[in-house]
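In what follows, a structure is listed as structure tokens, so that the remarks can point back to it.
By written order: A, B, C and D. Residues from 1 in each chain.
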């Protein structure tokens, strides 16, 4: 295993005593403050000899010394990209911790993502514990979101003009790239501003996060739609249910929704390419399955099967720089419908696309807890002066991840890993790559 | 860090080639079979130098060789103790994997826990993929449960009489002790039977499991009741809501339900003793809080505050050997009601006890996935001949844990750990031990 | 309206005596068989001459003329008694209609019920469309509630002092009696104040309302708990589940929750008295059922079986004047447990009491619609100057009911009507009055 | 029945003209104001002489005499058309009542609708209380469904060949037409077969049913999607959410989902035609609304706005004879998107289509009760020999409706009735017909 550079930069020196005091009921059990020696192993799984210099992440939590007097500090919060269950919980947790735990003077809510850090953006408004007290019951983001980057120097000026010294940015990998650049710009200007990222992705595709917040909620919603499709497919002769779920660059929602519903027979993702036609392809497998079981349920990630569109025009991208996709759900419907009609054995096809519904719901219980813990970890990190970093959960522990690691790509399902193995075990689907050597489980 | 003995015993030699075949779509990405060199670090967090002999758990997953021909094998499944969301998902996953993945000849459902392994028990019945196909939609256990141990030699004889060579036992720490004893007895008889435990506890209190299945579901239900109590408390003048939740020996449900609801003001658990009377005690804090906020919500674990019952008669235990508890919920209601009436400022007290409702629901999406993966892991382990072990998830990875580690105690909330720190951060509750030195967060 | 041909054809002659046997506990309440003379009017709404022979309710809706200029009016809203799903929806609907539809100058929220109309109460605050916009997502009442009446002349003075000319009072039958008295007092003072009641009862027991708001929500929650008890009872040998639900003076929640869950075997209500002991009593029936089915689920209304408490001290009442009840749930547990232990066939008893949880949830979709329509109807009525009345839904239509009709008693399940017949049909329970003449269905 | 005093008092004279202005799109459909002559009968049920002047429906319930000995009877059940929440509850209720209440010898489940009454259909299978005991927990129909009619004489022969004397047919208006024809054919053959229809329509559009079963469930699901769209629209600048829901011939789901969510700003249905362009049209209203509120949520029934498709080719119909519709949701997205882009003020448009998800869920509590009561009513009717009829709920009572009334059309929202008035009141939407005379509420 190669060694990673996991050191965390700081924006200012930590020399002011924290106002925090924890007290367990047993004096001997008092919560101690973290030091840089508290670490989480990056690779808890090993299969070779260890060299003794470990690759570790810094562990999150309150430090004994922070960067200055909170009574004169201003903090800022912004949310970028698409919605995700739990955004309001993270905002609430940040405000509660900044105000109640540290007594920070002022917390500003930046409107509509990075756009709120430009002269054209709506002005920020003050966030207080009272005004965020009940926001966790609602989906969405009380601050609003927007896609796309803004000029870094413009944003740095705005941050400094607002007097912000702790900036929290909630967003995906593109957003975290912005955090890295903004943090660098502010350091070049010697502004003494901590910029801390909080990873947000409905697709669970950010690197170095064991699972992103809101994902449990999204999977629960998507799984219910898989069950709906199963009910439809079972209620008619030769019923085929197709569910398209979010997942441009990775198939985590598709895989988890299939497992959570227990009703999927085929899962199609970007990570495991499939052939439509020919022996060993999807249509051939459906023929076989319908013969045996008279129904089939297919869960497809929106990023799957893009190679099946013959003449995709030059790379098209949205405002966030995400590659635009052809609609694989519609393609599947067309191809399957035509194929079985041609065979003289038409199927009854029911297509379901929950779309935005998987991301606009309020967070479920586990996600609420996770969001609260991430938010508290982010505040502790920023108060200790950490910057150009992202808080994360890794192997179940809260850690600091340097942003240069996060922006190197997107997390994908490992097609030879245990998650995908469970999908294959649970659906019974064979290799669909059309490769003759593909053997069935 | 001291070295643990984590070696796994085997009941028979593994020398029969597995019928399993996985095939990823990319030949280079084929799922490889596990070996004993695949390990998960027990302690992913470190804060000292490592000595190079690591303490590790064996990693679960399919092996290249198993213990014999599945076509002539009989497996058995039984569920012990109280209900838990996901029991049916585990049963379903075991049957599906035994039958579909390995082609095991017969799977027997043992009725009502260990009682089904005695001559007086109801006879087992055969479990097939068809009969378990839809059981995940219902709460409970299709096999029935019972509390209490049975004579080990009697059970061993029954297992052998039924021809079972793979026995799966789903239950808590008491049940796992039974698994260890039964496994030992069967080894003494040279019966060649793998006995694999699957950890089940609604209280999340089994050692060496990062979180037990069904717990997410239970927390979601309990959190809703906390919200109900909050609504009641907020709707009257001087409203106090008290919610008692399960948790005899640990306060995990109480802590998580409080965090998931975001509405609790005080969490009381066994792990953090509290004083009722006097300065720094619960009543004094409630006075203060009602003065400031006019309402309060208290979440109490059933095992909390047992020291407050003055003359608890000699240790009473239920059929599973669990210590019987006095009702702390009722005590809190009585004390708080009387205290404020005496003060001339009576409160309006609303008491809620969801009781069995947190454990009889069907599993939520994440729990379903977890149960399926645990079940598959258990089958792979048993097929490889592992015995006297429990499958588990540790740092997010599926592993084999020897039972002598599991039966050494019960898992508790670490009062100086990060979970309890988050509870203190989220509720703002002070140290309630009555110790004058207790300082508020 | 032209006459429709509503005759029904028959396929064969009916001359075989039905095998059905219903038996209410009171011979005079036996469910009678229908004949062709039992008919329902196709057109319940009429608009012919006012003084014809029909007993009718005035239909609600906007009138062409109202009592004055809304631009100078003040309205007031208050909520009394216990919580109920939908209270916030009614408040929201009232404010939206008063402000948006009529342009009323000011709407005052009275705090904590009638207590807010006394000099000791908290002062009212202004309600605007903005401040009520999102309250429907939360359970409870944003205004707070309290039990108990206040001096009518004091309240009348306060209403006049606040300049309120349209007062909306949401509450149960006791509250509506207050509306009638307050309305009379204000008319005696020639104050020109419309006082309009909106019926609220979690128990569905107000006269002349076809179903009260929040009841669908409450039933859904209670039914889930019945299912929980069923799951528990089915998971052990000789399992008995007992669920106590709200319903002091009527058993509507018990009956509906039993039907909605489809899992109840016995429903016990005030309206159908039952014997505990002896042939034809509850214990005897349970013996029989456990012999046949090995489990039983009992749903009991809190007001049922009060005659079984031998020495109930003199009539005790709460602040609202409701009779206090002995805990029938606990009595059932004790009696059943002792009885079967004495028989040498102990049962495993699981007791569930959802308590306040059935009333603190946000309203479900149908209740939201109902609340909105009731609120709009109440505003239209008050603007037209109606007073001493209650808005209601009757046969599916929104109407005005004079309060002297409402305060004459409480609505109960008719033991010879079709709802109770469906309960008997669905549970298969016999007459449990212990009357030897009681025959089983 | 004695006459009640139902007069309503007034607190002041009504002589000020109301500020309310409603405007339907068709001047003839304007919502009219109520007068005191608008009344609802207090007692919709009567049992006086049969031949009086009233138009009445026969009331359902058990009769003292039935058509023969149940011990030798065979009954049949079939489900037609699309899925609907509650289908399994109806099937369960029929089987339970036939077997437990009447002791009918055999109940046959006909497969896949009317197709199961043809020689090519799958053979029926026997339904017992055991096999239907748990089906109410699942959505769909355990019997399967199909669209389309079959030859009446073929079906009649099959009914007679199977020895069925009580046939229950669950389906929509097309299906009920089949019931009428099949019933007539069987009467012509003097077969002595009762054919009883049970109304099923996800769109709530069958005549003479006060609300169809499953509708509460469907509305709850659709309302959640409206809330999702609202959350999306509120989270961006100039956000527009569009939700398309089922409702080919009537807009009941759209209207109810809008009211249940409380978040819709515009409801579009077939019954209230709207103009897209021009003053008073939808686009003009959206411009105004976005200027004021920066977001808008539109709920559209699939049957709305079909006149906007310029060249709809000759009437296309599906297998059930339902007219095929152009996709109004897609048209709205295209038009709105283009319009605001052309104006230089592009909107962020989020489109949601829950599709089949509103109909494949298990029934909610109220729908379960309704289904059970309908099923029992149908059995009582058939046992009494009724035929060519449909059971129904009317004004809250269960009745028998002759089929010639049911097949005369489809139920629609009355644009001058109180439901649509509530939609206008709740959304604040103006008349969108483009008619200059249209005034805003």
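The rule we apply is simple: contacts are C-beta pairs under 8 Å (C-beta built on N, C-alpha and C of every residue); 3 or more make two chains touch, one makes a residue touch a chain.
What you are looking at is a predicted structure, and each value in this text was computed from that prediction instead of being measured.
Taken over every residue number at the interface, the positions common to subunit C and subunit D amount to over half, indicating a same-residue contact. Just one of A-C, B-D or B-C has an interface built like that of A-D, with over half of its contact pairs in common by residue number: B-C.
Using CA-based centroids throughout, the chain positioned farthest away from subunit D is B.
With centres taken as mean Cα positions, subunit C sits 40 Å from subunit B.
Between subunit B and subunit D the centroid-to-centroid distance comes to 46 Å (mean Cα coordinates, whole Å).
Taking the mean of the C-alpha atoms as each chain's centre, subunit A and subunit B sit 28 Å apart. Shown for subunit D are the residues that touch two or more other chains, namely 138.
Chain contact topology: the protein chains form a complete graph, every chain touching every other one. Interface of subunit A with subunit C (complex): residues 134, 137-138. Taken in their complex, subunit B has these residues touching subunit C: 83, 112, 138-141, 144-146, 224-225, 227-229, 231-232, 234-237, 350-357, 360-361. Those residues of subunit B that touch subunit A in the shared complex are 20-27, 29-32, 37-41, 44-50, 52, 54, 56, 59, 61-62, 89, 92, 96-97, 100-101, 136, 210, 216, 219-220, 223, 256-257, 259-262, 272-274, 364-366, 368-369, 372-373, 376, 395-398, 414-418, 420-422, 424-426, 428, 430-433, 435, 437-441. Across the complex, subunit C meets subunit D through its residues 1, 3-20, 22, 33-50, 53-70, 89, 92, 96-97, 100-103, 136, 165, 183, 186-187, 191-195, 210, 216, 219-220, 223, 256-257, 259-262, 364-366, 368-369, 372-373, 376, 380, 383-389, 394-402, 404-405, 418, 421-422, 425-426, 428, 441.
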